[in-house]
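What follows is a pair of complexes built around subunit A, which joins subunit B in one and subunit C in the other.
What follows is the complex of A and B.
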């Protein structure tokens, strides 16, 4: 049976609250610093065109049955012919998005800025927490938890006898690091409330690979069976008019 | 039966009935001094509707009142821009100039203010200078869609539709999913009686927004104008689509069906019976005629005899 601990109110006043407040303030500071460092990306005409081609090809795919068969065939040929079709990407030309990213110095610079605004504050705050607050039991969660949560909630405390619902100061830091999105969305507005979990996920994903999406659209267009919907509309119009004339 | 551009005005705004009702109610309230001026101006801006006289009147009243203006905070500059555009539309160039001057002092070197300056040059009729201003703005940002569109507008204003078409085609090479541009191009082609090209543009519009009946209607009218049995049969199908999408409330489409039926009958006079049966849709024709007569009976009974005789002539 795990023991019940009595937590000193000084821990609440000098560990729990300062940690939370500092984490929130650092999050806000980081947002404003990254806003200052952010450079407006100049759109590339080729990328814009490829995006527009994809939209237009999707429109064709969705609305294909609303235009006559001849018009559809002409458009499909325009998009997917092997010589100069808009959706046709020659094999040698398909560029690796990672290579494209690192060949563009602005992109690499932006990545470095993002990394700096994320890694430096994290390293400093973690060092600060480790130095001043290591080994504290900072809070108790008001509901029972299973043993699996121990490694998550009691980082820095090696006591198997302490109940799982007690949270160590270091774990409290991590919980704040990954769980303050809701608060930031209230303070900074929804679109700015990216928490660290999402930042890490974003760092993993590289640039948009146009050749893949163009290829996918081309395949989608190639397999469409055109079936003109307009002849059906004549019957539907008849039934509409019958009701109207009654 | 050529396509008039007037019927597209409703599509241009693309405002729902409820939004229009809300806007009109707010407009009446503001006109009668019931407050809500800023809300009205915001709604006009958000719905992208053209109510220049009202915007100029009510916007100026806020800008001229120091207390009201300072209450807006940073929105003051948005209002300045809105009033400037409305003033140019109403040819109150002095008001526009003062608004733009205020924006220039607040945002020196801003591209957005630069665009307004070029717009003012246009309003003054200084086409060459406006063109130069737009060209220099495009050098800084060649992907600025609004500026490309203004250049097309200048060509139209100068009565050079062929240059406008050329510019729009160049624009659509890059921004090919911009359906407003396709619609403008369609209208330009119609003005030059280039019906096949206009038909292509309307097909693009139908692809991007298949549930908008006005595009089906415009396409049907272009096909009818091109002529030939095949095109007229297709036109009838698109008129039928318009009838279906509008619940039979579009008189133009109903008359279109009658005209198509008449034209098909005329064109297939020498054909054998099987071909005639395949192309004719007698029930649709008679239902459309009955629907037109019913509508005239309700809304314009004095013209009922006129329309009835016209429909009889089409049937024979």
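What follows is the complex of A and C.
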């Protein structure tokens, strides 16, 4: 029969609350450090041009039904022409993304920065939790759990008689790791202050194959079923007017 | 919430007239609302002292109330702001569960355990 433990208030003051506060502050610190370490890449003119072409093709695809059929065919031809269309990539010019990745040291540097900014804080925090809070029963989970959770939730506590809902500080660390993501998205916002062009360039930074992307847009344009919406506007206006007359 | 320029109805319903940026912003509003209210629900459940299954029922009740609130915010005309009703009613329903559990445990322990 597992007994209910009486947890000391000092554990709340010196284990639970400091651990939670440190987790929040480390998340904020990591956000700002990664923001400072972000290097603005020198935009490659060719890649910017290709990104803009893809965006324009997408805009044409979205607004296809609001222009007359003749206008749409002219624009599609302008993009998709097999000889000199904007989305056409001559055979020999398709660049090899892996070769580009190897030849540019900035890409490797950016990748390494991202990996380090993810791994180093977690390793340091886990070591800190282990050093200062090892062996504490830190919290009680307010719903029952089976014995199979013991090895996960009471990691660091080697007592078989303690109820499974009591968790160690190490488990509290992991619970914070997963649970604080929502809080961070609220207080830090999202990093989507980047405009479309930079987003395309970020895609291009990791093996972006221009010929594949342009080819995909070209295929998408080719299969669009154009149906001009404007005449139906007139029908709708007529029906609205008839309804008003009644 | 940013409204679409045109109302999509009747013969217009098969043509998408939503602005992608406005739609994205509307979805972000939904996600932020659900995350915020899941945290609030966690703190409330902990303070009240809900245990076991009642806590999770409380979470789903709060999510349903959030859905009703978002529908009211949209003026009960979801087609003006979103491409389907499911966006308002069910998008992100389970997304805040981990935050709920964390804040539930935290508040429950502070109030009832120590």
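To be clear about the criterion, the second predicted complex is superposed on the first by the 138 of 246 C-alpha atoms of A that agree within 3 Å, B and C clash if a C-alpha of one lies under 4 Å from a C-alpha of the other, contacts with A are read in each partner's own complex, and residues count from 1 in each chain.
One rule holds for everything that comes next: contacts are C-beta pairs under 8 Å (C-beta built on N, C-alpha and C of every residue); 3 or more make two chains touch, one makes a residue touch a chain.
These figures come from a predicted structure and were not determined experimentally.
Enquirer: Would you sort A:71 into first (subunit B), second (subunit C), both or neither based on which partner it touches?
Expert: first
Enquirer: Which partner does A:143 reach: the first (subunit B), the second (subunit C), both, or neither?
Expert: In the superposition, A:143 contacts subunit C only.
Enquirer: Just checking: does A:175 make contact with subunit B only, subunit C only, both, or neither of them? Give me first, second, both or neither.
Expert: Only subunit C; A:175 stays clear of subunit B.
Enquirer: In the superposed arrangement, does A:223 touch subunit B (first), subunit C (second), both or neither?
Expert: It touches nothing on subunit B or subunit C.
Enquirer: Once chain A of both complexes is superposed, is A:236 in touch with subunit B (first), subunit C (second), both, or neither?
Expert: both
Enquirer: For A:36, decide between first (touching subunit B), second (touching subunit C), both and neither.
Expert: After superposition on chain A, A:36 lies in contact with neither partner.
Enquirer: Starting from the residues of subunit A touching subunit B, keep only those that also touch subunit C in the other complex, and list them.
Expert: Of subunit A, residues 62, 236 contact subunit B in one complex and subunit C in the other.
Enquirer: What part of subunit B is in contact with subunit A in the complex they form?
Expert: 142-143, 173-178, 200, 203, 206-208, 210, 234, 236-241, 243-244, 247-248, 257, 281, 283-284, 287-288, 290-291, 294
Enquirer: Can you tell me which positions in subunit C touch subunit A when the two form their complex?
Expert: 10-12, 15-16, 20, 28, 31-32, 35-36, 38-39, 45-46, 50-53, 55-56, 95-96, 98-99, 101-106, 108-110, 113-114
Enquirer: In the complex formed with subunit C, which residues of subunit A make contact?
Expert: 7-9, 11-12, 16, 20, 62, 65, 139-144, 175-176, 178-183, 185-186, 190, 229, 232, 235-236
Enquirer: Per the contact definition, I'd like the list of subunit A residues that touch subunit B in the complex.
Expert: It comes out as residues 43, 45, 48-49, 52-53, 55-56, 59-60, 62-64, 66-68, 71, 230-231, 233-234, 236-238, 240-245.
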